[in-house]
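Here the chain labels run A, B, C and D in written order, and each chain numbers its own residues starting at 1.
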């Protein structure tokens, strides 16, 4: 099961968890990204590339499902305006064994950050700026390339 | 924030997630273990060592919080009888950054499996047997020892 | 050909979408950016530092020297920052 | 001294809890197991293969050769299988 959703609606973790737990796979791992309240951001705006974003996420999910023989993978990414404390992204993976679910979940969030066309704009007080890409994110994504190429 | 709960009640993931998301930490990782429906088990019974189990889980959580500078860690483990599809265990971690939350979550479930006094008994048809400890679980837990000793 | 711009590239260019007739002799995204920059100062400013730009052809990520071939949609944008 | 047994050790011994007066000269968990096994065939059967046993003193995991010192509670059980 692969489910990808890019939407301006708040992310409903309970419903998504119920979907992936319904697979009765033994192990479910999730990652939830939340707008941080501790660094002065009052508003976060997420822009995306309609069509290309969904395709990129579906490709990432399909590669993870194939590599780790997952029972299921869900990626939900919010777009538009959101406030501190709100969820930006949810990745959920299900597998027979815990290492597969945990590794696949970590891989998906790392790769999503560098391979899916989203752009963040932060508002702090009166200042609005586009967030710069981080070298550390590319390093995190790169370390999965070796893993995924070992079949 | 550290929360440890060992209880015969079904695990309420929505409530636990709300607790850890309320910390507004940026990154939340979870692992949920579910009784597998695919291997003929009709009933799983979890025995524990009252007092010692809670202490062991609190120690594991405290070590993870200290090492990864977590904002919070939750471990909920069910005991008693449960059926396929039901949750056995939930680990949830919150941190400012995703790698800390993900690594701590993986560490906690790996260590819990070898260091907390729980024992599983499976019923398949008319046969009931105690589950054997797995060498692979010890290997998984051991790989965190190096990580945790690097300060 | 449809041109799409995202994030600060969109703001710098002044639009998120424009339609152009690609002139003969423009074979790569880099050449297309040169041509667009020569036509308009806002495009020129947006495309001044090519190291800050990424591109896609027909929704597939490609390098800036990628051939346009029969591209129907070209997107220009900064490095991505989702998740 | 309180003795606790869990999982198949509990079933083999026939109880999850017993209280004993520790005789003089029994200094380690291993010696305690020998003494219990000599008293009763069910204990003897449960403790026959020491590689299958783990132990805790006052709720702390210890090796089977750990000294009992002033232990108030000793638990004997198989390797754990939670999670």
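The rule is simple: a contact is a pair of C-beta atoms (placed from the backbone, for glycine too) under 8 Å apart; a residue touches a chain by one contact, two chains touch by 3 or more.
Heads up on the chains, UniProt names are A, B = Molybdopterin synthase catalytic subunit; C, D = Molybdopterin synthase sulfur carrier subunit.
A quick note: this is a predicted structure, and the numbers were derived from the prediction, not measured.
Participant: Taking each chain's centre as the mean of its CA atoms, which one is farthest from the centre of subunit C?
Facilitator: Relative to subunit C, the chain with the farthest C-alpha centre is D.
Participant: Between subunit C and subunit D, what distance separates the C-alpha centroids? Give it in angstrom.
Facilitator: Once rounded, the distance between the two centres reads 73 Å.
Participant: Mind checking the centre-to-centre distance between subunit A and subunit D? Centres are C-alpha means, answer in whole Å.
Facilitator: A distance of 49 Å separates the two centres.
Participant: Subunit A to subunit C: how many Å between their CA centres?
Facilitator: So the centre of subunit A lies 26 Å away from the centre of subunit C.
Participant: By the touch rule stated above, which residues of subunit D touch at least two different other chains?
Facilitator: 83
Participant: So which bits of subunit B are touching at least two other chains?
Facilitator: Correct list: 33, 98, 109.
Participant: Hey, which chains are touching each other here?
Facilitator: Chain-chain contacts present: A-B, A-C, B-D.
Participant: For subunit A, which residues count as touching subunit C in their complex?
Facilitator: Contacts found on subunit A: 33, 46-49, 51-52, 55-56, 77, 88-89, 109, 112-121, 130-133.
Participant: How about subunit D: which of its residues touch subunit B in the complex?
Facilitator: Those residues of subunit D that touch subunit B are 4, 6-8, 10, 56, 59-61, 75, 77-83.
Participant: Using the touch definition from the top, list the residues of subunit B that touch subunit A in their complex.
Facilitator: Its residues touching subunit A are 13-14, 17, 21, 24-38, 84-85, 87, 96, 98-99, 101-102, 105-106, 109-110, 140.
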